[in-house]
C-alpha cells in the first residue's frame, strides 16, 4: 500500500465511492456506506457536493456528524430545504439528482438490484425464504436519478445471473433504450463498487465491466467470485489503496463509532 | 381488490359528513384508540423508519387488541415491530392481515426480526411498493384523487407486486405508472407540537405525516408539546397538519421513544437492540419466552405510555435529549 | 321594513348570504360580496364558521378586517394553516369545503355560471365581444365544494336561457346524476341569491326555484326580470328586510370603506 | 400543439445539464432579464392577482423589449397589465403571442383594461383554465410529471377551451381530467427574502411560486430582503424555493409595488387605479396618449425599479408599510 495504511473491505468501498462523486453535484444519498462516502468526499475533493436525503433534507453541511438514518436529525440542521419524502422524490423525478448512491443484496450483469426477497417470485412472494427490507427509496433512486452508483459486497451468491426479484431497475435486459422504453428517466447505473473492484457498464451491451481492481485482487480472482461473465476493460487499472489520511478521516472523524464501517477486530 | 382502506368516493363521503369544527379534541390515548380504531381497519402509520414513529399509539393498540389490521406505510421500524411482536405472541389477541409497504427494517440497527418472522412464515399478505409509491399513494388520498402518476419504479418486479397500472401517457405517448390512492381508516401520527384543536407543527422531516392525516377517515395525533392555539396561529406557515384533519390530540412526551424526535431526543439504540434481541429467538425458530417477557414488562403490565417511559433511568433519557440538542443546537 | 332600516341591493344580498351559511362549517369564500357575507355571519350567528381562501389561508379569525383580495394579507394573520393555491384546491377536492360561495356574470336555470366571456363560443372565443376575467377558482369551487351558494345580480340579461360560456358547472343540463356522471363531486348549487330573492334548485329537475322574495318584489316581478321560466316554491317566503344592526355592522364595522358594498349616494 | 414551454423530456434534460451548484447568483435585474429571457419564451408569472406579483421584473422586461411571449399564470393583475400595456403602445417593441390563464383582473380594483383591449381585438391567443388547473399544471411540471389528474372543472366549457384530456379512471371507472404539465422557459418570481444562492422564504401565500420555479428551465427571483445564508439555513423549513431552482437573485425592495407584499406593504390602490385610468381610453377605442405618458414617466424614462419607487412620496410608501404592519402585527 502506497503509504502503508491498513484498511478493511468496507473502508476501500468508502474511499472508492467518495472518489467517483464529482464536486458541486447533487447526490441523493442512500443509507449506510453511501453516507460515509459522501462525508469523505465532502471533506476531501468535493466540498461543494450537495447531499439530498429521501426523508426530505437538501444540502445540509452535516456538521453534526454522520447521520445513522436518512431521516436523521443531523440531515436537517442548517440544510437549505426541508420537506418530506414526496418532495425529495419529486425533485429527483424532475431531474435534480445528478447522482444516486444505492445498495442492494444482489446484483445482475445489467446493474439491476434486489433488496426485497430471496426465494421464488412471483410463486413464493407471499412466503419468501428470506424476507429483506424492501425497496425503500432505492427503486425510486434507480428509476429517476440521472446516474447511479451501486454498492454491493462481492460474493458469487450476490453477483447473480438471475435475481430472485428485481427491486431497483438498472439497465434492465441491456437492450438499446430499454430504460427509456419502459418510461424510466436518467442514464441508469454508472458505476458499481464491490469489495473487489470498480465496474462500469459497457456502452453498447450495458453489461457490467471491470475497470479497476482493488489491491490483492486480479481480473481472474474477481471473475471467479462472480456468478456471470464479466466484461473487462482494455485498460483495467489497479486502484490505489486508501491513504493513511483517508483512513484516519473515516475512523476518527466520520464514523468514529463504527456505525456503518465496522471496526476490524 | 382495488381499495383496501376507503375508496375515493367513500373517503370523500366520510369527510363531508364529519364534524370539522374547531373544537377541543384532547382525550386519553386509551379512549382515542378505542373510539377510532376497529378490527379490520387499514391503519396509516406516520414517521419514517425510527424517526417520529407513533410508538405510544402502537403500545396502546397492543394493550387494546385488534384483529385483521392492514398496515400502510412507506418505511417503518418500531411502530411495525411493536404491532408485529404482539401478533407473534398471540394471534387471537392481536393480528395483522396485510401490509402495504416500501421498507420495514432499521437501517443501521439492522433487519426487523418481527417482519422476517411473519413474512417468512406466510402469516401476512404483503404488497411491496417503493417509498415514493407509498408517499404518492397517501398524497393522492390527501388530494382527493383516485391516483397519482409516477415515473418510478415503472420497471423491475415492484410494479407487478402491487396494483400499479402502467399506461401510455396521452400527452407524451411514453409509459407512465398510475398508483392508486391510499385512504386509510385511521392515521396514527406523532408530531412535535399541537394545539388542542389538532393543528400540528412538525420539525425535521414531515415524512408523509401530513399526507397520511389528510388522506385518512380519522387521525389520532400524539404530540411532544401541547401548546396554546395562539402560539401556533402566530406562525401559521409552520402548521403541517390543519385541525379539520385531526380527531384526537393526546399529549405524550417521548411518544416516539426509543426512536428519535427532532428537537427532543435522539435514538435509544440500546433499547431498540434489546427489543430486537427479545424477538430474535422466535424468528430463528425458538421459544417466545424472551419476547413475552419484554411485552409483559414494557406493555402488558402497565397502563399508560408514561409508565413505559418511567422504566428508563432519568440519566439515560437526559442523555438522549442531550444527544439531540447537539444535533440541533438552539437556546430554549 | 321591520325596524325601519334603509338598505341597498348589495346589502340585502350580504344579509341573505350570511344567513344561509351554517355555523361551524368550512366555507370556501370567493372574492367580493361573499367576503362581506362571511364576516357578517361570523359576527352574528356563526362565530365558529371556518373560512378558507383560495390563495391558501384556512381558518383566519379576520380580526384585521375585510380582505380586499382572496390572497390578502388579512387572510393569513392568525390562520390555522397557510400554504398556496394547490393546497386550498386539494383540500376542496378531498371534501373539506362544506360550502363554496361564488359569483358570476351570468347564470342559467340549472345554476351554471359564466365569468369568462360574452360572445359566441367556441366560434368567437379568440375575439369575444366582452372579455371577462375568467374562471379564477370559481369553476374549481363549483366542481368540488360540497354545496355552493351563488350570487348574481338580478337582470334579464344575466339570468339567461343559454349562457355564452359555462365557466362554473352547476347542475349542468339537470339530468339525474349529471354531475356524478361527468366526474364531479359535491351536490352542486344549493342556493342562489340575487338582488330580488333567494332560490333553491328543485330536487328532481334541478331547476332554479324561487323560495324567498325580497321586500318590494313579487313572484311576478322576479319572473319578469328572468330570462327563463322559474319554478316557484309552494310556500314562497317574504324575506325579512335587514335589521338596523345588520346594516350598521356592514357599513361601520365590516366594510366601512365601501370596498365591495358600494355606499348609496 | 401539446407543449408551449418545454416538453417534460426537454425540461428534464435542461435541468440535468444545468449547473446546480451552490454559488453566488446575485446580479443586476437588467443583466438577469437579458441573460435568461428570449423572444418567443413561455414566461411563468408568480404571485396571485396583485399579491407578490413580479412587478419590478415586468418593468425591466418592458424596457428590454421582447416579442411573441407566452404568459402562463393562474391569476394575474399588475404583472400582466404592465406587459400588456407595453404591447398596446408598440407591438414591434413588445408583444405577447399567447396567454395560458385562469384569471386576469383585479378583484376589488376591477377589470383589466389591458386584457380587455388585447382580447376583444383578437390580438392574443387565449387558453382558459381554472386556478386549480394552472396550479396543478405548474405542480406537474415541478414534480417532473407530464400531467396531473384533477376533478375540476371537468364539465362546462373550460375543459374544451384547453388541452385537458378527460379519461376513465382505471381504478374507479369514473371520469377524471388530466391536465398537461407546464414547464415555462423562465419563471419570474418576487419573494419576501432570499439568500445569495437563491434559497427563498415566502410569507403569506406561497401562491404557486415554488411550483413555477421548480417547473421552469430558469428562474429569476427578486426579493424584499437579501439575507445571509446562515439566517435562512437556521430555519430550513421556512424555505419555499431551494437554491438549485434559482438562476438569478436580485435585491429589489418594493419589487411587487403598487401591489402588496406580506409583512412589507399593502396595496397602493390609488396608483393601480391611476395606471388603469391611463389604459382605459385605448380600451374604449380612444387614443394612446395617457398610456404612453404613463409608460414614459414610470418605465421608459428611468433606468431601474429603484427610480420608479423614488417617484412615490416617502409618506405614501410609509403609509402603505404602516397599513401592512396593521394587517400583520409583529415587533421588528
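In this document, chain identifiers A, B, C and D correspond to the written order of the chains, with residue numbering beginning at 1 in each.
The working rule: contacts are C-beta pairs under 8 Å (C-beta built on N, C-alpha and C of every residue); 3 or more make two chains touch, one makes a residue touch a chain.
Every value quoted in this text rests on a predicted model; they were computed, and no experiment measured them.
Colleague: Go through the assembly and pull out the chains touching subunit B as well as subunit C.
Modeller: D
Colleague: If you tally contacting C-beta pairs, which comes out ahead, A-D or C-D? Let me know.
Modeller: If we tally the contacting C-beta pairs, C-D comes out ahead.
Colleague: Once you find the CA centre of subunit A and the CA centre of subunit D, what distance in Å lies between them?
Modeller: It comes to 41 Å between the two C-alpha centres.
Colleague: Measure off the straight-line distance from the CA centroid of subunit C to the CA centroid of subunit D, and report it in whole Å.
Modeller: The separation of the two C-alpha centroids amounts to 28 Å.
Colleague: Using Cα averages as centroids, what's the distance between subunit A and subunit C in whole Å?
Modeller: Roughly 57 Å separates the two chain centres.
Colleague: Can you pull out the residues of subunit C that are in contact with at least two other chains?
Modeller: Each of 57, 76, 82-83, 93, 144, 185 in subunit C touches at least two other chains.
Colleague: Which subunit B residues touch at least two other chains?
Modeller: If we look for residues of subunit B contacting two or more partner chains, we find 144-145, 150-151, 174, 176, 203, 237.
Colleague: Given which chains touch which, is the overall layout a line, a ring, a star, complete, or other?
Modeller: Here the contact pattern is something else, fitting no line, ring, star or complete shape.
Colleague: Considering every pair of chains, which are in touch?
Modeller: All touching pairs, sorted by chain label, are A-B, A-D, B-C, B-D, C-D.
Colleague: Mind pulling up the subunit D residues that touch subunit C in the complex?
Modeller: Its residues touching subunit C are 48-51, 74-75, 101-105, 107-108, 111-112, 115-116, 119-122, 125-126, 128-133, 135-136, 139, 150-158, 160-161, 166, 174-177, 203-211, 260, 262-263, 266-267, 324, 326-329.
Colleague: Any idea which subunit D residues touch subunit B in the complex?
Modeller: For subunit D paired with subunit B, touching residues are 2, 7-9, 144-151, 163, 165, 167, 169-172, 174, 176, 178, 180-181, 203, 237-238.
Colleague: Which residues of subunit A touch subunit B once you look at their complex with the stated criterion?
Modeller: By the definition above, subunit A touches subunit B via 31-32, 54-57, 64, 68-74, 76-77, 82-86, 89, 93, 112, 116, 121-122, 125-140, 142-144, 165-169, 172, 179-185, 259-260.
Colleague: Residue numbers of subunit D touching subunit A in their complex, please.
Modeller: Against subunit A, subunit D makes touches at 11-13, 15-16, 19-22, 142-145, 197, 199, 214, 230, 232-234, 236-237, 239, 242-244.
Colleague: Write out the stretch or stretches of subunit A touching subunit D in their complex.
Modeller: Residues in contact with subunit D: 24-26, 48, 50, 57-59, 76, 78-83, 90-96, 98, 144, 146, 185.
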